[in-house]
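Labels run A, B, C and D following the written order; every chain starts at residue 1.
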Amino acid sequence: MSKARLEAFSDAVIAVAITLLALDLTVPDPEHGALLTQLGDHWPQFAAYVVSFFTVGIIWVNHHARVNLIVVVDRTLLFLNLLLLLFVVLIPFATATMATYLTSGSEDSHIAMAVYAVVLEGMALSFTAMFEWSLGEGRMLVAVPIDQRRKARLRGSIGTLVYAAVFAVAFISAPLALALAGVTAVYYVFAPVPHAGIEAEVEELTSGPL
Amino acid sequence: MSKARLEAFSDAVIAVAITLLALDLTVPDPEHGALLTQLGDHWPQFAAYVVSFFTVGIIWVNHHARVNLIVVVDRTLLFLNLLLLLFVVLIPFATATMATYLTSGSEDSHIAMAVYAVVLEGMALSFTAMFEWSLGEGRMLVAVPIDQRRKARLRGSIGTLVYAAVFAVAFISAPLALALAGVTAVYYVFAPVPHAGIEAEVEELTSGPL
Amino acid sequence: MSKARLEAFSDAVIAVAITLLALDLTVPDPEHGALLTQLGDHWPQFAAYVVSFFTVGIIWVNHHARVNLIVVVDRTLLFLNLLLLLFVVLIPFATATMATYLTSGSEDSHIAMAVYAVVLEGMALSFTAMFEWSLGEGRMLVAVPIDQRRKARLRGSIGTLVYAAVFAVAFISAPLALALAGVTAVYYVFAPVPHAGIEAEVEELTSGPL
Amino acid sequence: MSKARLEAFSDAVIAVAITLLALDLTVPDPEHGALLTQLGDHWPQFAAYVVSFFTVGIIWVNHHARVNLIVVVDRTLLFLNLLLLLFVVLIPFATATMATYLTSGSEDSHIAMAVYAVVLEGMALSFTAMFEWSLGEGRMLVAVPIDQRRKARLRGSIGTLVYAAVFAVAFISAPLALALAGVTAVYYVFAPVPHAGIEAEVEELTSGPL
């Protein structure tokens, strides 16, 4: 299994999952009242769509950053990568469930948001496992220096810690937990990549003048 | 992040979104009357499908024209590209909503078409932002000459202006606004690409004899 | 627009469309009777799935054979290619409609099959237009010799003629028309490619030892 | 038809199919009782999702292992590959049907699981046919030594035998049959690839230093 095909397949799965997010948006029905009222009532769906869209988008970016540095693709990595994708593919389902219950005001709003947090936590833990795997001898194109390793681990931990926090906050207020997940996605979009220096070096090694 | 992977991911998202447009077409139900009558009653769905199909098709073409000239992929570009895709992925939803209300004859037909225009305007503005980003020092393979820059800006503005017009016309007549969006898509299919000269030059630089 | 990106995008659209065919298969509902009876009652869905699957599969193969020989991608080709994809993306809808009415025994079974034939005819005509475009000066990697051109035209015409025949037969018997479409798909799978000799030559030119 | 395009198309179809598996997960409805109860009642959907996800994931891995060694792509291979994809695309449907009936306790739970087994058996047999085709003179990059051939055949047979066993066990207990299919997927994730030695050799031949 070449790295290129691992990336191509993962990209395709992530691309389909991010596009399926919009299937959760309910097309308003003329028999259910004024259109603007219906769209307004469905604001949790739109908020959930935006948060999940950027979350999946950033998963794609981070997946590339991770895999780009890897030299060998063994069975363990394939399994961890499938595990990661298993959680990514669950995101549209978790998003739809969460949005449906977000403003229900009942106990279920907490549980629906907790389910969403669990799926994202599973995704974050799969990433962590992939990172730990990559530290093994000869698995990375360029050995990660100890201090970069610590930084990368910390950055990865932010994900697992934040989604644990989203899980906890879910039981206080589901909309607050959604806001926290949204802030996390925006943070990751602009946060410096883990071992950016190495990545630049690798880009240079792996690509021609263009 | 390499340009190639940015293109591949964007292509996949756009390809899935364009194909999901057909999911909005309602399969007629034998218990709802004669088939031809049902298909005829659903003409807004078919008209909306054709207009949105060519609109997304041309987004794909223009995306390529934009990204082809870019040298570096930084975090800002990634964010702008995700923003563009966020609106592209909303097009099937906006199309379905618009088609459902197009011939309702009520106030809602105007609002549904306005929502469609807002999604396309968001897409056009994301393109504009990507273009402005690309003007920064050293971000393009070949510096865009001032006059080509003006032409490209003008061409980009046509998109943002037209979808603003579609928004305005929506409140006069929804079908007229749809026709305007359709004419725009056809215009873009045949309009000369922005800096076509540069693109040809770049193709030559970036590809071999085949 | 490079040929590679045209192929990649078209491949993705065709791949999504062929996979969406299975969404038309109704998952049996425990409250609607014995499972085997339900599956048996839905045989038109399965027959339609198989015929459309091989039809879309062969469209993919033929698309490659066509595009592989092309040197330049201009706006006209982009438009014709989008037109082809527009019909391909309609196939799941046309298949679902046709399968729903296939055994209704009413006038509507004829009309539903005719709609299916119209979508396939539109696809076949788009292919023909792409072929005629490719005959223009300098558009093909290797000029197609006159006799091969005639053979290729004939082969393309088979498609347009057969789907016209499917249309006509639809008004006699919808299941018979479906069988004809199925036989056509099988024929194309095993029929020699149009200018196979040229293609082999091109493969040699465009690829390395592997 | 180049091998690269055969792989790219197959990858895209498999990626869409694996992502569509999650569409089978029912988003709980606030009017149908407590969320946790609903999620708990739907455990067969989640179990079926996990088993089918890893099954399709491993199909993707094995498809790569098979195609990677092939030199020529002829019409027969194209047909066999389409046949394989036809069964892969049916997996989401078969999974949804199986999950719907898994705990129904009636005769239908056996039949639904048998349908699932039949689809997987069809997939396994298509793989076997592709393998047998590949043994023809000059079709593989490196001739498969006789003993490796026997091992590969044995490994392929495990698939066809296991899914025959899943079919048989389905009539004793559907959940037991699902567990057997799950164990098979896990086995294939970690089982050594068929002619791994050859594959390594080929990777070396077909790729540069990276």
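In this section, contacts are C-beta pairs under 8 Å (C-beta built on N, C-alpha and C of every residue); 3 or more make two chains touch, one makes a residue touch a chain.
Owing to the predicted nature of the structure, the values given are computational and were not obtained by experimental measurement.
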item: Between chain B and chain D, the fewest steps along chains that touch one another; value: 2
item: When chain A is superposed on chain D by its C-alpha atoms, the rotation angle in degrees, nearest 5; value: 90
item: Interface composition of copies chain A and chain B: same or different, split at half; value: different
item: Length of the line joining the C-alpha centres of chain C and chain D, rounded to whole Å; value: 26
item: Centre distance in Å when chain A and chain C are each reduced to the mean of their C-alpha atoms; value: 37
item: Junction residues of chain B - those touching two or more other chains; value: 8, 12, 16, 20, 23
item: Touch-based graph of the chains, sorted into line, ring, star, complete or other; value: ring
item: Chain C-facing residues of chain B, complex; value: 7-8, 11-12, 14-16, 18-23, 25, 27-30, 34-36, 39, 50, 53-54, 57, 60-61, 64-65, 189-190, 203, 207, 210
item: Touching residues on chain D, where the partner in the complex is chain C; value: 1-2, 5, 8-9, 12-13, 16-17, 20, 23-24, 71, 75, 78-79, 82, 85-86, 89-90, 92-93, 96-97, 100-101, 104, 107-108, 111-112, 115, 141, 205-206
